[in-house]
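Each structure below is given as structure tokens.
What follows is a pair of complexes built around chain A, which joins chain B in one and chain C in the other.
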Partner chain A sequence: MASKVIQAIYNDDDVLMLAVKRVKEAHHHIEEIYTPFPVHGLDKAMGLAPTRLAITAFMYGCVGLTVAITMMNFIMIEDWPQNIGGKPSFSFIENMPAFVPIMFELTVFFAAHLMVITFYMRSRLWPFKKAENPDVRTTDDHFLMEVSLNDNEDELTRLLVDTGAVEVKVSEKH
Partner chain B sequence: MASIILMIVGILGIGYGFISSPSTVEEAKAMVAADAHHGGAASHGEESHEATTTHHSEASEDAHHEASASHGDEAAEHASHDAHTLSKLQNRPWAAFLIAGFFFFMIALGALVFYAIQHVAQVGWSPVLFRVMEGISSYLFPGAVILYVFYVLTAGFHMNHLYIWMDPNVMAHDEILQLKSGYLNVPFFLIRSFIFLAGWVLYRHFVIKNSYAQDEAKDNTYYRKNFKLSVFFLLFFFVTESIMAWDWFMGLEPHWYSTLFAWYVFASMFVSAISVIAMITMYLKSKGVLEFVNDSHLHDLAKFMFGLSIFWTYLWFGQFMLIWYANIPEEVGYFITRIEHYNFIFFGMLLFNFVFPFLVLMNSDFKRVNWFVMIAGVSILVGHYMDIFQIVMPSTVGELWSFGIPEIGSILFFLGLFIFVVFGALAKTPSFLAKRNPFVEESKHFHY
Partner chain C sequence: MASHYEAPIREPLVTGEKSYHDVTVDVAAPVEGRANKQWWIVFSIALVAFLWGLGCIIYTVSTGIGVWGLNKTVGWAWDITNFVWWVGIGHAGTLISAVLLLFRQKWRMAVNRSAEAMTIFSVVQAGLFPIIHMGRPWLAYWVLPIPNQFGSLWVNFNSPLLWDVFAISTYLSVSLVFWWTGLLPDFAMLRDRAVKPFQKKIYSLLSFGWSGRAKDWQRFEEVSLVLAGLATPLVLSVHTIVSFDFATSVIPGWHSTIYPPYFVAGAIFSGFAMVLTLLIIMRKVSNLEAYITRGHIEYMNKVILLTGGIVSVAYITEFFIAWYSGSNYEDYTYLSIGAATGPYWWAFWALIICNFIVPQTLWIKKLRRNYMWSFIVSIVINIGMWFERFDIIVINLSKGHLPSSWTMFSPTFVDVGIFLGTIGFFFVLFLLYARTFPVIAQAEVKTILKSSGERYKRLREDGNSLVGTGADSRTSDIVGTTKENLDQDTKNNS
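== the complex of A and B ==
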């Protein structure tokens, strides 16, 4: 049970990436990394499972497409056929080209918005939430790696300083 | 070796196509009548002559002549219809030749444009693929020569009726075309074609000379030269490509115009070329000569294939929907021919060009799997052949089209020539790695 963590602060993303690889090689458990911007390849280096957000995006897109088709079919064909530009109004398939932009837009709309909402829920983010990052500098120009401690403080501190950390401190896990 | 066999078979096919095309009105009528008796083609008659054609095919030739001889006007109409049928049938092998010839030419040209874009953007990821792109673009010169000879025969010697505006009799009776005659005339047409073909071939010559010279260079002089050259080439290309699309393809239907047509042709060209780059890269890597190419390079090429397939569909639909919606007679005629007589090709190509690559290449991991990219590439190439087919055929052969020996022969011939030239050039490449390119180290370590 890791109730205590050690926090190492870096000021360069390349140094951080190399440090992550060394810490992983030494079989320590990285709890979390806080960065001011997304660092390319960090998720793979940390050994995080690949995101499933893309799959949800595909499903949301399918939902959006279905909504668009059902909606257009009901509004324009079944409920109240309208004569627009002399186009046949009683057949969905004959009117289809006119509906494609709406089908496209709603697919994108559903995929984008629902994906963002999913991402917020999955990351447990909501309005007025108190910030989780342990050091405000990680929103500016520093990178912070949290490694769980199992009574190996000295060893870890040495390793982390060796990897180029500018600051290493032990803290309670929140 | 296989390429030479393909070429020989192709030449035989093309030759058969030219020999079997009718040379007289009587033969043409016999062919149409024979088709009609087979059953399928009865409904293929010309729109305005639908009733008469059906009648014509059911009645015997003599009876038909007697009947029409008694009505003077009708006879003249029939004669002109028959002449029209003849010229359409005679067009078929020419059109088949043009379609396949342009299809492989545009692959080489698209690869060259992609290559120029890499130089202008000073990319870090792709220098390991430069030799593949250069190899594919080597078909540009033979392709351009063949097309130019084709256009000299077409425009200069009037050996076919692909472009009706080149026929002085048509021009004399068509007031709309007379207004366009300042642009649509044979000398200017040939001069334009010459200028842009020569420009593209020259750019290719110099850029590849510099690229090889850069391999042995001590500094980046040749790299910088290629940057400048490519900037000017791209400026030149996007103007001339538009003119090419108008001249060679929109000119087949000189009354019709679409403002995004040039982009539409370009989208076809670009996505086919990048598919071929990816396919040849995979092939060469499997032969063990491109050991420095990794999954990430393939992934990026597949992303281009995916994105550009959607881009092509966007343009296809953008062109189709606006004209379909507005329904203005002079514009919509273009699509009516295609939907009535080419329905399967016109809508079927969406499956090959959009639905299939879209679904196969959507997943990020699939873009790294060789055979997934390969089948997507094959689908894209088949689809874009269909695309060029439905641009050319309806305007030249019309409802009398079919897909047979002239078409397959042309494809085989140009495929054989393409493989022969491209792999010949690749075999002569001094080194498969552009080894003194300033970004080559970055490219080798490219990792997505």
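== the complex of A and C ==
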């Protein structure tokens, strides 16, 4: 793999989108794109696989529901059944309607928190993590595309400048 | 690109000649600038109120609940009123960020950050009241499902008060991560602009190292969407469960099947009122007039009109049923002829005037687009919604099944002090937030700038292409190869 990348900076999202299409057409490998805001359709244009975080949220929600049912069944039915205001607590199904609110809340609790934790882990986001955007302007109004370099610096520079990059420079890959 | 199209008839959501860089600068300005005198004055007042409230809380906990005005008949009063009031206010934030996201309402982007901050800060205030009311707050962990050996028996999962524990803690924590996830790119923007090392350190820490990769954004958008999908039923469930505290009891006036939808509508009603109160001031003080426009105020007033209408229908229903039932016990419920003419007539009419009559003025377009009137109405609704909960709790309890125990409630200075204290605490938090956090979701606003910004709408209507119009001369200090010097090189070489 190439150890060097060429960084092209754009100052418009539409120009960037057109550039991505041209770079892909010319069969260059786009390593990464840093943008200040989500550019609609960029992931598809780059050929990124769809994220599976929503599926994990569903599974975490199922875990939450299971935890809620198991916990309330153990506490209210198995371990210490009580007669509370004459309400039946002798079998789970008789007592179940009173458990619905907490079954719902724990489903949401597990799905939301575990999905967000998964997102933070997958995208490597946590306190004291160092930011990795190569240029500070990419959180303001600039867009940075990194293309891997294979002894074709001149050709690539020409192509990238042609697509409307305002700056092109070669950098070590990190 | 064509995807930026928005009907010309729609009011622009960002007014003025704003570029992407302008959004950055405008959102960062309140954080990077210094606090002015007014900020310090308001902050000091809020801090004093907070400290006064803290003193009252310490007095309550060290002496006992007897320092409140509660009596044998009215065993719940200001504490639960304040609790429900604050939880209700805490409903607008997640509604704006979740429900309006699902409905693709773009105007939410200018207000969602502050509304969510308001949500979190007001749920914090709400949570204080049940804990203080326990009398022994150091045993608050007894509400958790822990085995009998730790002190109490297992908690009772049949109790709506326990459902509240789960609902409110889920709501608070999910709102917090929703808010924080949305904040990461904006903290990253502040981090990358910071020049002072200390500021840079703080915002690096807060932004969790956000770098804005394409894959991060793809996940970010998916997470936002799924969280919105989860938070939408969550926000509806929270006030439903709060209403169960009353509706599952047998007290006349509380035992009512319309409580859940009616409470949820009332919560959104009061939450939007508080958002308006805060943002009408904030847009001026923080110079955000271009982002929180007259149109935004009008959209929020329309939500108030809708939810206020739902609440009004509920009032009429309750009033009618109290009369139609023919039951003596229903004569003195909080919406009845007995309440309207009895000793609590003032609380009854405060509710009707503030929540039912005054908001109707918003049907007039001129009034709902007027900042001053919107501000006044929002304050009136805040007061009215406090009275709604006061009426539900105190009026209903004051005249129960046993006439010999009928009595009135009068608060002590401690009741008043704790309430004022939470208002102070809320404003302390909100004022600190307004000076240190990006108060507008700037990354999201940038995504709609080309479709809904005034400048871009005009460019498009004039038949211009928007390709390349994101450039800003102030941010392009060129290092490295550019088209000009590449052409120059080629020329020199040949």
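Definition applied: the second predicted complex is superposed on the first by the 169 of 174 C-alpha atoms of A that agree within 3 Å, B and C clash if a C-alpha of one lies under 4 Å from a C-alpha of the other, contacts with A are read in each partner's own complex, and residues count from 1 in each chain.
Here is the rule we go by: contacts are C-beta pairs under 8 Å (C-beta built on N, C-alpha and C of every residue); 3 or more make two chains touch, one makes a residue touch a chain.
What you see is a predicted model; the values in this text were computed from it and never measured.
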Which of chain B and chain C A:51 touches, first, second, both or neither: second
Which superposed partner A:98 touches (first chain B, second chain C, both, neither): both
Contacts of A:41 with chain B and chain C, given as first, second, both or neither: both
Which superposed partner A:86 touches (first chain B, second chain C, both, neither): first
Which of chain B and chain C A:71 touches, first, second, both or neither: second
Partner chain(s) touched by A:59 [first = chain B, second = chain C, both, neither]: neither
Chain A residues touched by each partner, larger count belonging to chain B or chain C: C
First (chain B), second (chain C), both or neither touched by A:114: neither
Overlap of the chain B and chain C footprints on chain A, listed as residue numbers: 41, 54, 85, 87, 98, 101
Footprint of chain A on chain C - complex, ascending: 1, 3, 19-21, 24, 145, 148, 153-158, 160, 162-163, 166-167, 170, 173-174, 177-178, 181, 184-185, 188-189, 191-193, 204-205, 207-223, 225-227, 230-231, 233-234, 237, 241, 244, 443-444, 446-447, 450, 466-472, 475-476, 478-483, 486
Parts of chain A lying in touch with chain C, wherever the complex brings them together: 11-15, 17-18, 32-43, 46, 48, 50-51, 53-54, 57, 61, 71-72, 75-76, 79-80, 82, 84-85, 87, 89, 95, 98-99, 101-102, 104-106, 108-109, 111-113, 115-116, 119-120, 122-133, 136-142, 157-158, 161-162, 164, 166-169
Residue numbers on chain A that touch chain B, as the complex places them: 41, 54, 58, 85-87, 97-98, 100-101
Chain B to chain A touching residues, read off their complex: 317, 320-321, 324-327, 362-364, 447
